[in-house]
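Got a structure for you, written out below as C-alpha cells; questions coming shortly.
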C-alpha cells in the first residue's frame, strides 16, 4: 500500500534546504524513487509535489526540500509531530548494477537521490563512490557541505568560488573525468546542467543514468501529464513518474527546450 | 482609514464561542457596527467574514466568533500575537436615543452587539438594561453565561432547560413583556428567531431595532451582494452592510424565506 | 455496499453512482493499489482514437487556483491495442466499464465506437466531442448541435451499446443542445469536460503549457458543472453523468440534487487516490441519516 | 507615478493600465477611504439600464473554491440618476471613467449609451452584452456575433465616444467574434465577464442563490480569462481590457503578456480594498527591474 501519513520525526535547516525525517512503516525504497506529497491542510493544493527520497532506513524516510514556490513554502513550515500525506515509493530508480566505477554528479537538490545512491553503493561495495556537487554558493545549503564531506567522498563546485572549486559542476566533472577512470555516470540536477553533461559523457563514451524532473499530477502513470521528449522519433514521449524519473541519458531528447519542454 | 491589521491580545474560549480581543488604534465603533475579517493567510478566502463588534474600548476591539464553517474555523485557530486583517467599523449601528425603557433580546452570537449596547446604555443611563439571551443549551457558550450574569442584567432561556428558563428566548420575551413595561426592543439573532419576534412586538405595539445577517462581499455598499427584502413594495431591497445591519423591524419583509431569502 | 446507493443508467446497473472520469484513472488497474476497483460504481476509460496518438508536447500540466490545466492531447495507444490490452483486463472485473471515444472526423468516431461495441467488453460508450486539446476536429461536434446530433445518429446506427455524449461547458445553449441530443437518440449525457484555459510564465513570456492552451479542471470549475447539469436537466429525461470539480461527497451530491443520475470523479483522484471511496462512504451516511430508500430520490430534487 | 506605466486605450490616456471592473467598485467614491482614486488607470462604473432595476432576490452571493458566485441582477438607479449623481461626482476627478451599459433590447442599449455619451462625462462606454444574471435579453447579443455586431453598429451611430464590448467567456468562437466586432467598428473589447455557475444547498435542496444561477468570478476563472484574451488577440489589433481573477501584479501581467492593453480588477477589491494599488506597485517594480521603456512593450509579447 504505497500511501501513508508519516509523522515528521526531525527537521533540520540547511540554508535554503530543509531535511525532513518522516516515520514510515516497512517501506522499501530504491535510490532515484520519489515520494509524492500533499501540500496544505484544510484545502490542500490540487497537485501533489514530487521529491526524491534521500534516505530510507530505520523506519524513516529522508527528504531534502528547497523552497521555490507555495507548495514547498508550506512544507518548510512543517514541524516535528506534524503529519505528511505521501504516496511512496514511486517511479523507477537507478540501476546500481550497471557500472563498476561510477561517478555521481548532482546539482542543487539533485543531491538527494545521489546521496541515497552513494550510501547504497558504499554498503554494497565497501567504499563510497565519488560525488560531485554543484551549488551557486557555499552558503546555499548552510552546514550541509561540511556535514557531507565527513559522510561521503564529496567534491564541491560553487559558481562564486565560496566553497570547493570555483565554477560549475560540469567544469568539475570535466577535470574529474580527465583525472580518473570511470565507467558510468549517475546524474541529477537542473535541466540546463543535465543538458550540459551531454558533450562530456559522449567525449568519454560513458553511459549515464539521469534522474529528471517534470510537473506531475497523478504520479503513478495514469494521467500522462509528466511527459518528457524521447530521443530519436519526433513526437514521442516518456512518463517521468512511471518510466522514470531515472532514464538512460541517451533515451531523452536533449537540446532546445530540453526533454521537459519548459 | 477603516482598514487595519490588529494584533490578537487575548483569546478566551467559551464552549463553541471564542472571544477575541484585538488591538486597534483610536477606533470609534458604535454598538451594531461590524468588522469585516480576512480569513486565511497565504491564499486567503475570497470573501471576508462579517462579525459584530462586541466591545470597543482601551485601544482594543472585542469579537465573539462561533465556528460554523471554514472561515470561522480558521479564525478559531488564531492565537495571541497573530494579526487579523479587518475593515472596521462598518455599517449603521443601533440608535440609542429612541427608547427610554429598552429591552434587549439576543439569540446565540447575537449576544455580541447587544452586550456592547447594554454596556453603552449602562454608561449613558447609569443602570444596565435587561438583556434576554436564548441558547440551545447552557453549555453552548461554556462559562460565558456565568460571567455575563455578574456583568449585566441578564436572563437566559435554553431549549433544553439546562440553564435559566426552559424554552426559547421568544417565550422568555413573552413573559418579560407581560411582566414589565418597556418602550422599545433591540434584537439580534438567527432569522427564525427574529421572525418569531414579530407577533409579540406588534401585540405590545413596541418599536424594534433589529440587527440582521446576510452574506457579504465588499462590506461597504458597492457590490449590492448583501440585499435583504424591504417590506411594502415587491422586489425592493436594502443593503445590510450599508443601510444596516441595524434596521427598523418594520422596514424588512418578514415571513416566507425571511428578508435574507435563505 | 449499501444497496440504497444502487442506480441504473441507461440499463446498466451500478452498485453506487460514483464513477471515475475519462483520462484520470488510466486503464483502471493502476489505482488498484489504493482501492478496491469493484467498489466503484463504474469506470470510464481514457479516450481512444483509431490510431495511436503521441499527445501534445510537454509541459502538459499546470496548477491554478483550486484547479489545474492539462494539455495531454489524447495520448493513447489506439483502439486495437486498447481493446486487446486494457479492456480485456478490465472486463474481468465486476465493474461496468464505459469506453470513451475520440476522433477527428465522423468516420473515425463511428469506426472506433463500432469496434468497441463489437468487442463486447464495454457496457456503454462515451463520445468525447469536446476535448479542448485536440486541434483538428472535435470542436465542431462539441459546440454545434447539428453536427453533434448527426454524429450520434451515425454512431447509434453502428453500435449496440448505450451512447453517452460528453459535452463542453462552452456549449452556448446547454438546454437546447441537451434536448436535441436526446431527440437524436443519445442514451445519456456526460457533463462537463474541462473548460478551455491558459496560463503564462511572465518572466519567460512563454505559455505554461507546451500546447499553449489546455483544459481547466478541479474544484474551480465545480459551479460551472452544477449549472450545466441543472440547465440540461430542465430539458431532458435521459441519464446525466455529472462531473467537474468533485472533491467530496457534498460536491458530488450537489450535482445529483441538480439533476445528475451518477457522478464521476476526475482531478480529485490525483489529490487523493482514495477520494472515490470516501465519497461513497459519505453518500452512504447521508442516505442513512436522511432515511432515504434509494439515492435516486435525490436526483434533480432541487426546489427552485 | 512611473510614466513608463502609461498606456493609451482607444485615444484615452491612462496613467497606468490598472482599472477596476464594472460592478465591483460602486459608483467610485466608496473605495476612496482605502486608496487615492486618482492613482488608478481608469474606473469602469456599474452597468446602468434605462430605468431603475431592483435586482435579483437574495441571497445574491456565495463563496466557491477560489472564487464567488453573484446574482446581483443589475440592481441600479437608472441612467438619469446615474448621470446626475454618480457621473457628476466622478467627472470631477482626474480619472478616465468608462460607463458600463446594459439593456434588454437594442433600443435600450442605444438609448442609454446615447444619453451617457451626450452627458460628456464618460471617456468611453462599455457594452455589457454578457450579464448572466439578466434573464431576458443580453444573452443573444453576447453569444451570437451577428446580433452583437448589429448592436455595435447602432450604438456607434448614436455615440461620440469610444465603445468597448464586454464579452462572456462562453462565446463559442472567441477569435471569430473578436474579428467581427472589430470589423463592425468596436473600439475595443473587455474580456471577460463572469462564467455562468451555480451552487446547491444539499441539506435544504435549494439553490444557494435566490436567482438559482449566477456568475462565477475570482481567481478560479483566471485561466479562462487568459485564454480568452489570447484567443482574441490572435485575431484583432484593437485594445483589449483583460479581466477575470486578477489578484496580484503577476496575474495582471499574465493577461497583458497574453494580449491585454490594460487590465481591470474585480473580485479582488472585496478581498483586499488596496489590491489595485499593490498591483500598480508590483508593475512599477517589474518594469524597472526589466529595464522596459514602457509597459506597452509587454502587450501580447507571448512567444508561442
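By written order: A, B, C and D. Residues from 1 in each chain.
Throughout what follows, contacts are C-beta pairs under 8 Å (C-beta built on N, C-alpha and C of every residue); 3 or more make two chains touch, one makes a residue touch a chain.
These numbers were taken from a predicted model, which means no experiment stands behind them.
Taken together, subunit C and subunit D share no touching chain.
Note: the chain lying farthest from subunit D is A, by mean C-alpha position. With centres set at the average Cα position, the gap from subunit A to subunit D is 46 Å. In this assembly, the C-alpha centroid of subunit A lies 36 Å from the C-alpha centroid of subunit C. In subunit C, the residues touching two or more other chains are 64-67, 206, 218-219.
The residues of subunit B that reach two or more other chains are 43, listed in rising order. If the chains shown are joined wherever they touch, the resulting network closes on itself as one ring, and no chain has more or fewer than two partners. Pairs of chains that satisfy the touch definition comprise A-B, A-C, B-D, C-D. Residues 64-67, 69, 143-144, 169-173, 195-200, 202, 205-207, 212-213, 216, 218-224, 226-227, 230-231, 245, 250, 253-254, 257-258, 286, 298, 301-304 of subunit D are the ones that touch subunit C when the two sit in their complex.
Contact residues of subunit A toward subunit C in the complex are 1-3, 38, 43-48, 87, 214-229, 235-237, 259-262.
By the touch criterion given at the top, residues 23-27, 30-31, 33-34, 54-55, 57-64, 66-68, 70, 72, 75, 206, 210, 218-219, 267, 269-274 of subunit C touch subunit A in their complex.
Those residues of subunit B that touch subunit A in the shared complex are 42-43, 70, 73-74.
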